[in-house]
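One chain, subunit A, links the two complexes that follow: it is found with subunit B in the first and with subunit C in the second.
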Partner chain A sequence: MSNATASTAPAGRPSGQLRSPIGVRHLVRRLLTGLIAVWGAITIVFFALYSSNNPVLLLVPPDAPPEETARLTRLYGFDQPVPVQYVKFLGNVVTGSFPDSLRYGQDPLTIALQKVPASLLLGAASLVLGVLVGGLIGYVAATARYAWLRRVPLSIATVADAVPTFFVGMVLILVFAVTLRWVPTMGRGAGGVTGMILPTITLAIAFVPAISRVFRTALLEALRADHVRTAIAKGVSRPMVALRHVVANAVGPTLNVVGIQAGVLLGGAVVTESVFGWPGIGQLSINAVQNRDYPLVIVCVLIIAIGFVLINLVVDVLSVLIEPRLRA
Partner chain B sequence: MSTATAVLPELDERPATRVRRPSIGWAGRIGAALLVVIVGVSLLAPLLAGDPLQQDLASILAAPSRAHPLGLDEVGRDVLDRVIWGGRTALSISLTAALIATVLGLALALGSALFGGWVDTLCSRIADVQLAVPTIVLAIVVLAFVGNSFVPIVVVLVLGSWVLTFRVLRGHARTVVEQQYIEAAIVAGAGRSALARRHLLPSVAPLFFVAFTLSASSALMLQASLGFLGLGVQPPRPDWGAMVASGRDALSAAWWVATAPGVAIVLTVLALQLFGDGLAERYLGGARNSEGAR
Partner chain C sequence: MTETLHAATAARGHRPDLEPAPTVLQIRELVVGPRPQGGGAATRNLVDGASLVVHRGEMVGLVGESGSGKTLTALAAADLLPAALQIRGGQVLVDGVDVAPLGRRAARRHLSSSVGIIFQNPTSSLNPRLRIDAQLREALPRGTSRQQRRELTGDLLGQVGVPNVVKTLGAYPHELSGGLNQRVMIAIALARRPGLLIADEPTTALDVSVQAQVLDLIDQLRADLGIGVLLVSHDIGVIADRTSIVSVMSQGRIVETGDTAEVLRSPRHDYTRRLLAAVPQRLAPLRLRSAERDESPVHLEITQARRSFVVRGPAGSRHFTALDGVDLTLRQGQAIGLVGESGSGKTTLARAVVGLERLDSGTIRYQGQDPDELDRAAHRRWRRDVQYVFQDPYSSLDPRLTVQQTLREPLELNHSGLARATVNRRVEELLDEVELPGAFRTRFPSELSGGQRQRVGIARALASDPALIVADEPVSALDLSVQARVLALFGRLRQERALSFLFISHDLTVVRYLCEDLVVLRRGTVVEQGPTETVLRQPAHPYTRSLVDAVPGRALSTLPAPTDALDGVDPATREEGP
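And then the complex of A and B:
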């Protein structure tokens, strides 16, 4: 890993020179894949919009004068052939010009972007909590000395996997807000931090089971590896073996699962925000659907899709940094 | 195990040794039993439960009693009746979606394994694209613009879950295709359809059933979430997710209204997962792969 070992590096690599931790080509390829995904989301939105006979009627207020309808029809080219419409739609999305929100009467992009920080806060907090708890359960399930300790926490996590996120939130509200009155019921409210506790736990529970299962499997695999036996045999201390040789090797696969679970995380976030009235992009999108505020729906969906791509990108870069074997 | 075959004389063509399969385990049996009860109750809903829409406005949010074991909801409808009828909604939608998704996954997986080349590449690319669009985005778009009746909901659930089956079955089918007995069958003149019917299908069948139960559990979960978000089947048709959502407002006054359908969801999902895990244990030697695409 250091310069000193460069002489033993595989042939074909100039000696004495460290490779960049992540290949530029790898990064570019991932970015392109992400762009394709966003493009796919835009395309789905377009065709869903188009499948209702006249998209303009969805995008203007119900009481809009005919001139306004006609203006928007021309602006978005809905009177032109579908391929032309599609290109125009793509162009409008790229430049960020959307019709005004029907409910708020202003640019939907501005409204939606204001909600992003709250969602990020909730997502980050529950990601930290979920990774810590899931990691702990997985570690205990793989290494604990007592059979019950190996089984019980993991079983609880498995049962939790069968509980839909909205019902987790509901039960938490019932127990801690309604019955015990420890925390406020709704929103971030006056409580500030206390209002964050239940949503964070709820969202974390959505992916603790997956993390703990994968981490356990990865740990068991790492524990069987030859180099671990060697390390124990040559007298490396137990905690050091666990940390440096076992856990370090199990983090890569687990991180990968966090990436795969990103979709679950987003879906869970939308549900969690709705349950707790959390003022984030998820709640906004559901409200927009219920209010038939289609311009706002489009913007919300695109922001969520971009968020999904970004999460996957970050996970990808991180896993290559942690697991150099992955950089092909 | 089986009493019927024990009486029959052993046929010569039978392989001399049969693989002894592990049982589906006690958890799997509990899941199966629970599943039988839930499906049975849903099928017999017209006999077991009263009208889920009948209102008793005089006793809104009444507590559980002998006449109404799970109480009344916010507009005076019997919660137990609605939970039983809601099971029909939940099971019909999620089982239909899971069946279509797994059959689609199976067809594409067999196609990929048998034809290879560009067919395989194309199917895998489609699966990648599918994974790149989160299901919740798909659900919001389709259900907002196309409407939320049975067919669009099923389409969303299918799109959200076919990749899991495809990935798992494709991997398995590809290893089977590389086996020598397949080569022998090809030499003996077996066509692709014969290979698929005689060799691949029997080989992937256990995996298919495991994939089906696990897809059904995730489809049910997603269906309930959509119902909760108001994107599912429309009221007044009883739907577990929507019932939890409407009971939420009365949580402090009548907690049972939201809790009863929620428990029904959890039990059904759990039953499907336990049964699926049991099947996986029996036929695949464990290693449930629920970490795949959702």
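And then the complex of A and C:
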């Protein structure tokens, strides 16, 4: 297939650059798989919520008359059989029109979407920080001249892996915000950019260990590869050998782990945002769960699931761009 | 005969009557050993005082078995030793310059412009992430302008005989064949116009016909550019055909050096003699059957076997036809050699015979019956009867089982309720049968050499008293002398056990030794079959002819018959230790 595509490309050099690195069919297939994942996530949440008590009980005062409860139950459709509710719910998801938030009395989608930018900001900053730190630790662990430098940073990262995110966050608050008073305790509203530092670090720590371990292994593999010997024999300078033939070749496998870690990033975001009072989708979803704000929970889960699928789709495309062998 | 050899040598560039050409590589008393670790434990030198000289325009062979130090010698000459090893003594002079005192960067600069090197596995020697074009550009001398680079990469590929230069430049290594990648490697090696090309087993991973083409190319470049070539190989056939001078290496030392024809005709060192005796061309073929062939009952009958695979990728999928209507009949006690290049379908056919692979259509009848239609008990009997010997002795044994446990498994499976003592006795008998000492029972695969592992693999196949053995390239991963002994073992088993054999190999000389009949596969179809001698002497199909012509070692067949140097060596000690 690849040969056929190559030969149809115009004869300009290098001819191969005109080939599409990723097939449309492959992309569509991945997107469909992603949609199934999203459907699975919201279905699980739907039934989990249904198995809890009638959410209307929360809305009414404890001493409300039963008629009032029944009226509201009917209003929200909680009295209908589960399959009917489920089908109606799926219809809502497809059309994007959800019943009003029980707590805020507004369209839950609007509320949730307002929180997305804050979460994106935090997630992107943590991702960049985590990849940089994880990459550095991995590189040092694979190539450092001294044994302690190869072992100590990686060991610290591994230990950090065993500590829960909320605990890391609280320790950071205690040390840097309460005791040292370097940064504000609370998130965005209180301190602008400085308020972002602690949540970013906390969230980054959640996936530094995995990235550093995988990057180290990938580097060791690349260092052993025969083609590195060829590059040295060619007379390529040492920094270029390291960058072009070792590090660049180790990025592909690491990238896949970033995709897998997307779940950690999103899950960690929920915890981190709560600990730091960061006004993102994570905090919103926690509050929604606590309030049993049924429509809002569904919308939050929907957005988080879509985020997960999108991250993995991007990783998929990137890894095919980076790793030509995947194009086969 | 002597004259022909000399004539051949002269044509290869070594002209003793003329002034000697300038030296491009001189290795003096080279010692390579492990870099001292903190503990300072006693370490063995892997190369121990090797000396050799390569002149311009000359092809020098360095031959030896694995672990002899030949590859390390070659790598040391190019300053490419693995990080754990270092040069401990001696000198390496490249173009007359002693490399060691230059310092790291200057040495690298000197070497990269005066030594080109190619390796055994061309595909893994290229960066999988970069296009051929980018990898070639890197190899060009510093200070070459962009415009020049653009022209030079194409010229280089043209020079090494790449047919479609533009397409190849834009391709990634995994999209090219091994032979094409090796040509690319040669182009990279020659990009800085070096005076010396080091070729470390350059064709071992390639099919025979491709092997011949690549060696032809190296030889032609040697003649055209007047470069010196150091050809490192375990294959005496290749060395005999291609080199004018040869050094024989064993256990880190060069035991013999001289005019190739001379060394092969009258080897002075015992090791050289043993090596020559192990060359499969020179083994007297085993011929157990002749006239009674057609009377034996049919053991295995394959009719119109078809199998294709779908190769999937993000860019789409394509079909690969491995078997395209293969017919084959194997009679009781017959040994058929199945030959063909990689991708010809021989392994798929072998796997289908033992039931590891399903056919899309066609039938395989074992003693007249389709194994799929047998009842449970008969199916189990068939499973026992047909055994497989794998190519790679390293990955086909469970690393966590001792030899004893490996052999017990089939024994206990097939004769449940056997007493422990009986099982143990059978294990001993099996080890004895494959010529391994009984003490090996408790060893793990990691404590065995390649040849010993393959013997365990054979013993495992024999454990269930099979009637048919399917062996897929069982000796191709082994050193020449080990290969000869394992082949002799197969021969003995054929004689003693009256087994039927389906023997898959890319190596015609191996098949010639063991099998009376030959089936040549190409792209999933049988192009020729018949008695081995007939097929090899008068190949009817052009493909068979090209295979026969490509087999290295033409020069060897003119040598006098060997005296059997293998006699009187204890089987346990004659293979290299773990």
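Basically, the second predicted complex is superposed on the first by the 269 of 328 C-alpha atoms of A that agree within 3 Å, B and C clash if a C-alpha of one lies under 4 Å from a C-alpha of the other, contacts with A are read in each partner's own complex, and residues count from 1 in each chain.
Keep this in mind: a residue touches a chain if its C-beta (ideal position, glycine included) is under 8 Å from a C-beta of that chain, and two chains touch if they have at least 3 such contacts.
Only a predicted model underlies this, so the values are computations on that prediction, with no experimental measurement involved.
*Asks:* For A:V159, select first, second, both or neither according to whether it touches subunit B, subunit C, the two together, or no partner.
*Replies:* Only subunit B is touched by A:V159; subunit C is not.
*Asks:* Would you sort A:V271 into first (subunit B), second (subunit C), both or neither based on which partner it touches?
*Replies:* first
*Asks:* For A:I173, decide between first (touching subunit B), second (touching subunit C), both and neither.
*Replies:* First partner only.
*Asks:* Tell me the contact category for A:I36 with respect to subunit B and subunit C: first, second, both or neither.
*Replies:* So A:I36 only meets subunit B here.
*Asks:* A:F207 in the overlay: touching subunit B, subunit C, both, or neither? Say first, second, both or neither.
*Replies:* Touch status of A:F207: no partner.
*Asks:* So which one touches more of the residues on subunit A, subunit B or subunit C?
*Replies:* Of subunit B and subunit C, more residues of subunit A lie in contact with B.
*Asks:* Counting only touches as set out at the top, which of subunit B and subunit C does A:F78 meet: first, second, both, neither?
*Replies:* A:F78 sits against neither subunit B nor subunit C.
*Asks:* Can you give me the overlap between the subunit B contact set and the subunit C contact set on subunit A?
*Replies:* Common interface on subunit A, subunit B vs subunit C: nothing in common.
*Asks:* Using the touch definition from the top, list the residues of subunit B that touch subunit A in their complex.
*Replies:* Within the complex, subunit B contacts subunit A at residues 129, 131-138, 140-146, 217, 221-222, 224-225, 228-231, 241, 244-245, 248, 251-252, 255, 258-259, 262, 265-266, 269-270, 273, 290-294.
*Asks:* Give the list of subunit A residues in touch with subunit B in this complex.
*Replies:* Interface residues on the subunit A side: 33-34, 36-37, 40-41, 44-45, 48-49, 51-52, 58, 158-159, 161-167, 170-171, 173-174, 178, 210, 213-214, 257, 260-264, 266-267, 270-271, 274-275, 285-286, 289-290, 292, 294, 297, 300-301, 304-305, 308-309.
*Asks:* Give every residue of subunit A touching subunit C within the complex, in rising order.
*Replies:* Checking each residue of subunit A against subunit C gives 1-3, 5-7, 9, 11, 13-17, 20-23, 25-26, 225-227, 229-236, 240, 244-245, 248-249, 252, 320, 322-328.
*Asks:* Over in the complex, which subunit C residues touch subunit A? Could you list them?
*Replies:* By the definition above, subunit C touches subunit A via 78, 80, 108-109, 111-113, 115-117, 119, 121, 124-131, 133, 138-139, 142, 150, 154, 166-167, 169-172, 174-175, 185, 188-189, 191-192, 311-318.
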